[in-house]
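Scroll down for the structure; my scribbles are underneath it.
For reference, chains read A, B, C and D in written order, and residue numbers begin at 1 within each chain.
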Amino acid sequence: MSARKQKLINKPEAIVDEMLAGFCAAYHDIVRLERERLVVRAEPKAPGKVGLVMGGGSGHEPAMLGWVGEGLLDVNVVGEVFSAPGPGPIIEGIRAADRGAGVLLCVSHHEGDRLNAELALEFCEMEGIENVDMVILYDDISSAPKGSESERRGTAGLFFVWKMLGAYCEGAVDLAAAKALAEKARDNTRSLAMSLSSCASPVSGEVMFEMAEGEMEIGMGLHGEVGRGRQKALSADDTIDLMLPQILDDLPFHAGDEALVLLNNSGSLTLMELFILYRRVEKMLREADIKVHKSWIGAYATTLETAGFAISLCRVDDQLKDLWDAPANGAYMKQV
Amino acid sequence: MSARKQKLINKPEAIVDEMLAGFCAAYHDIVRLERERLVVRAEPKAPGKVGLVMGGGSGHEPAMLGWVGEGLLDVNVVGEVFSAPGPGPIIEGIRAADRGAGVLLCVSHHEGDRLNAELALEFCEMEGIENVDMVILYDDISSAPKGSESERRGTAGLFFVWKMLGAYCEGAVDLAAAKALAEKARDNTRSLAMSLSSCASPVSGEVMFEMAEGEMEIGMGLHGEVGRGRQKALSADDTIDLMLPQILDDLPFHAGDEALVLLNNSGSLTLMELFILYRRVEKMLREADIKVHKSWIGAYATTLETAGFAISLCRVDDQLKDLWDAPANGAYMKQV
Amino acid sequence: MTTIAPAQLADMIGSIARRILSERDRLNRLDAALGDGDHGTSVSAAFAAAATDIAELKQPSAGDIWLATAKAVMNRMGGASGAIFGTFFLKGAGHLRGIERVGKSDMEAVLQAGLQGVKARGKAEVGDKTMVDALEPAVTAFCGADEFAGAWTRATEAAREGAESTRELVARRGRAKYLSERAIGHVDPGASSIAVIFEAVDDWWGANPTPSTLQFEEAEH
Amino acid sequence: MTTIAPAQLADMIGSIARRILSERDRLNRLDAALGDGDHGTSVSAAFAAAATDIAELKQPSAGDIWLATAKAVMNRMGGASGAIFGTFFLKGAGHLRGIERVGKSDMEAVLQAGLQGVKARGKAEVGDKTMVDALEPAVTAFCGADEFAGAWTRATEAAREGAESTRELVARRGRAKYLSERAIGHVDPGASSIAVIFEAVDDWWGANPTPSTLQFEEAEH
């Protein structure tokens, strides 16, 4: 199959700004466009609490736009499609998130995001903006071997981190503690993705890479970064049987553990397929005596219209469970 | 572009049952699989309240599965892909939804759904099951001209009806009043869809119909039923400019009206595109002085992995607004 | 044979199920051109389920067999076509109540009732590009013949012609209706499966099965 | 010219912006083979923004121009490449502080600081299939030449050769790293745009613009 080149857009140069205009108009009770490319909570969090900023390229909607809101992120700095925003907008985001208790800049680990975050922090120092720190987040087991976790990419599983960190920072007054919590959530999270198809850039109209009908690739990144090579597409059950044990072995998860589970749609997989996949995930976890605290199935962090999915697991203790269960009100992440 | 034939499934015959197993395992706090093909609320509603049953083919997920729950549907009877369930399962569904105040069988208007509902009601009469009525729901302005509303098809806009009717029946004791409310919501709802691509059946593996890259079709039905013929694909703004006025003229909506707005993803459109589309919708409504009470943007009633969308509008008065704002807790429809 | 015993009727349904299964892919292909490509799959699953359900009945009457077929077809096929094809058997079942061995005139009444039920339920007439285009001429041909044997053959021919006649039509019912003129050139799958069903019965009748070849026991009349 | 005045430096950036724009589609195509196909679009947007931002500065110094370019490139390009290309100008800007007219040795220091900054930021060395493969030999060639004019020409040649040398490499940085051996056979887009930038400067130098052709006024020194 070929990816869909025809897009419902206006001018390719304007897609990010027009997207943000539409998004913020639709969810004006939750978010506000503070300035170009800066999505902030409609109601800022209480003063004296740690602010949370997340920057990143677009093309992953509802990530991260949809997770700005109460109990979630304070600010999302939005870049071009699949391209991290530069330090200028990030600094503006840090300013917007500051409620007097410091700001944590969250970075989903990709070279561009990390480099621009570093630059932003250097500029902050030069400009005397204090009490800002950054945390690098990653979860994709396919991008670097065990032992080199810090070289791994950030993918769909960071969903868990935003949610729990957001809940934590709703009340947190200490930046270092917030960073430690982010690291704890990250270090308990593992993801692995697969794809059946490519996607086409709405900017260039070009297909990102070619994939033949009937092929699949395990380990693709959130921008279609190459994984472990192409193979013949497997059945739903065989795909899970291939992927899930790798995730379980990596942390590793043990019998008796409790976990959050995300089955993330990369774009154009159907929910029907995801439910069929989840059936196998649930069975395997049950047999491994890993208790599912809560599961989420849907499109959370997409790669445009790619057909594929990721499995993400996060091992939770009582603290993380409480944070997970805390209320949240983002446009695409609601919890009572 | 060609539709994706490669699906992540196991056996084509088993897709519906495996999907339901996965869905109900994931959301066991909200739903239960009462028996094969019968999804019911985990906690039934209070006794003495009107039960709500909705039957329909699958392939539209999260519809209707995702809208079973508190403040929503009591029972969803699930058919094969794009094919209404037969009267036998519908009768079981009616039995399961009965809390002593009668059951309303909701029918999204398609020939198969209507015929099987009629058969089910005939069997109910034969078997002495009393106090059951049905309501035929439709919203698609492209499927029959104004004046012949009752010949129109049911599509994504029925989302509004389920939500408001569900809220109403949480407290309703009178079947006739529930039916009247359903008709009121329906008669204020209008939808129009468009597609850029086809989809492929997970059962046969065949593409449903061919569409060339760069073509679009306005007025397609929820199963890819033919609309108003193919035309060259337009820009996002031009597409809205073509579609939305037809919806507004049909009811018609007037300056000063309040409306709920749904921008429904048929499957594989990106949220980025939907937000860009919504930007224009919001602008046009603002200029027409139609107040948006609330908007929803996402994949609610899909046509497998079709790339396309529908605009749905529902004119609301105070009663409907209150019902809309009432809490709901379905797997894919949460409201506090 | 001049009358059909319940066990033979059951065997007849089994024959239909096998024949439809062997034509499944062709029927799917026909439906792919006009609808959603599943007609062969659903109609074959429906008759297979009917045969299984019938085999589980204890000493069924002719009416029980027809009713079981109706329910299996409705519930296994689903959709509009399940309701239509199921109604055909449901209405026929009414006419079989109290009948022990089915004679030609009983079968005429059963087919007529089925046809009328189908038309009332689905609102399709001959010329609307549906299974009615095959069913109505088949039933007329059956009723016009003197004997069972020739009647099935003539009905089969009429059904085939009727199915073929749908090729040049625009559909006014079913999914194909949304295709407008694009439907022209394709034979209606439901009409084709009616032809397949009559063919199966005609061949089954020709093979003239004896009670000993049948699946379950019954008291001989 | 033996020194470059700020207004001329601004004009030079404008020349780079125009040249990069004319090569945009080719750079996009190179990036489509190895990355996400946007390098031409982003680098041309970045230099266009730099030229615009510079035009709005009031009596800028050389350092102001270099810093404005750094910020425009970082913020308009975004991504890893924005940070890398931006760092090149950011580090150079540090060395231009207090300098009124840029001489050859100043430019050597600016280019060296930029190169070192890029390597420290992006952790890429020659051979990793990045813009460093073009930038490092270009800077070396520039510093090895005696005079401004010939220096730009030699740097351009070195940059072109360096860019071409990436064809046979496997990438160890940037998006292309995930392609492994599949990257072989394709020239790195970032290295190519470095070659384009040096070409633009070399041609601009050759055209030897006078202050009167420049966009804004400044006190002559």
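The rule is short, and it goes like this: contacts are C-beta pairs under 8 Å (C-beta built on N, C-alpha and C of every residue); 3 or more make two chains touch, one makes a residue touch a chain.
In this text the structure is predicted, and so the values were computed from the model without any measurement.
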For chain D, the least number of touch steps when starting out from chain A: 1
Those chains which touch chain C and also touch chain A: B
Longest centre-to-centre distance from chain A, chain (CA-based): C
Whole-Å gap separating chain A and chain B, where each centre is the average of the chain's CA atoms: 29
Intercentroid distance (Cα basis), chain D paired with chain C, Å: 77
Between chain B and chain C, centroid-to-centroid distance (C-alpha), Å: 33
Chain B-chain D separation of Cα centroids, rounded to whole Å: 55
Residue numbers of chain D (touch at least two other chains): none
Multi-chain contact sites of chain A, meaning residues that touch two or more partners: 81
Pairs of chains, among all present, that meet the touch criterion: A-B, A-D, B-C
Contacting residues of chain A [partner chain D, same complex]: 57, 79-89, 110-112, 115-116, 118-119, 201, 203-204, 206, 208, 221, 223-226
Of all residues in chain C, those that touch chain B in their complex: 28, 32, 36-38, 41-42, 71, 74-84, 86-87, 90, 121-122, 173-175, 178-180, 182
Residues of chain B touching chain A in the complex: 1-10, 15, 18-23, 25-27, 58-59, 61-62, 81, 196-197, 202, 213-216, 233, 235-237, 239, 267-280, 282, 295, 297-299, 302, 304-305, 307, 309, 329, 332, 334-336
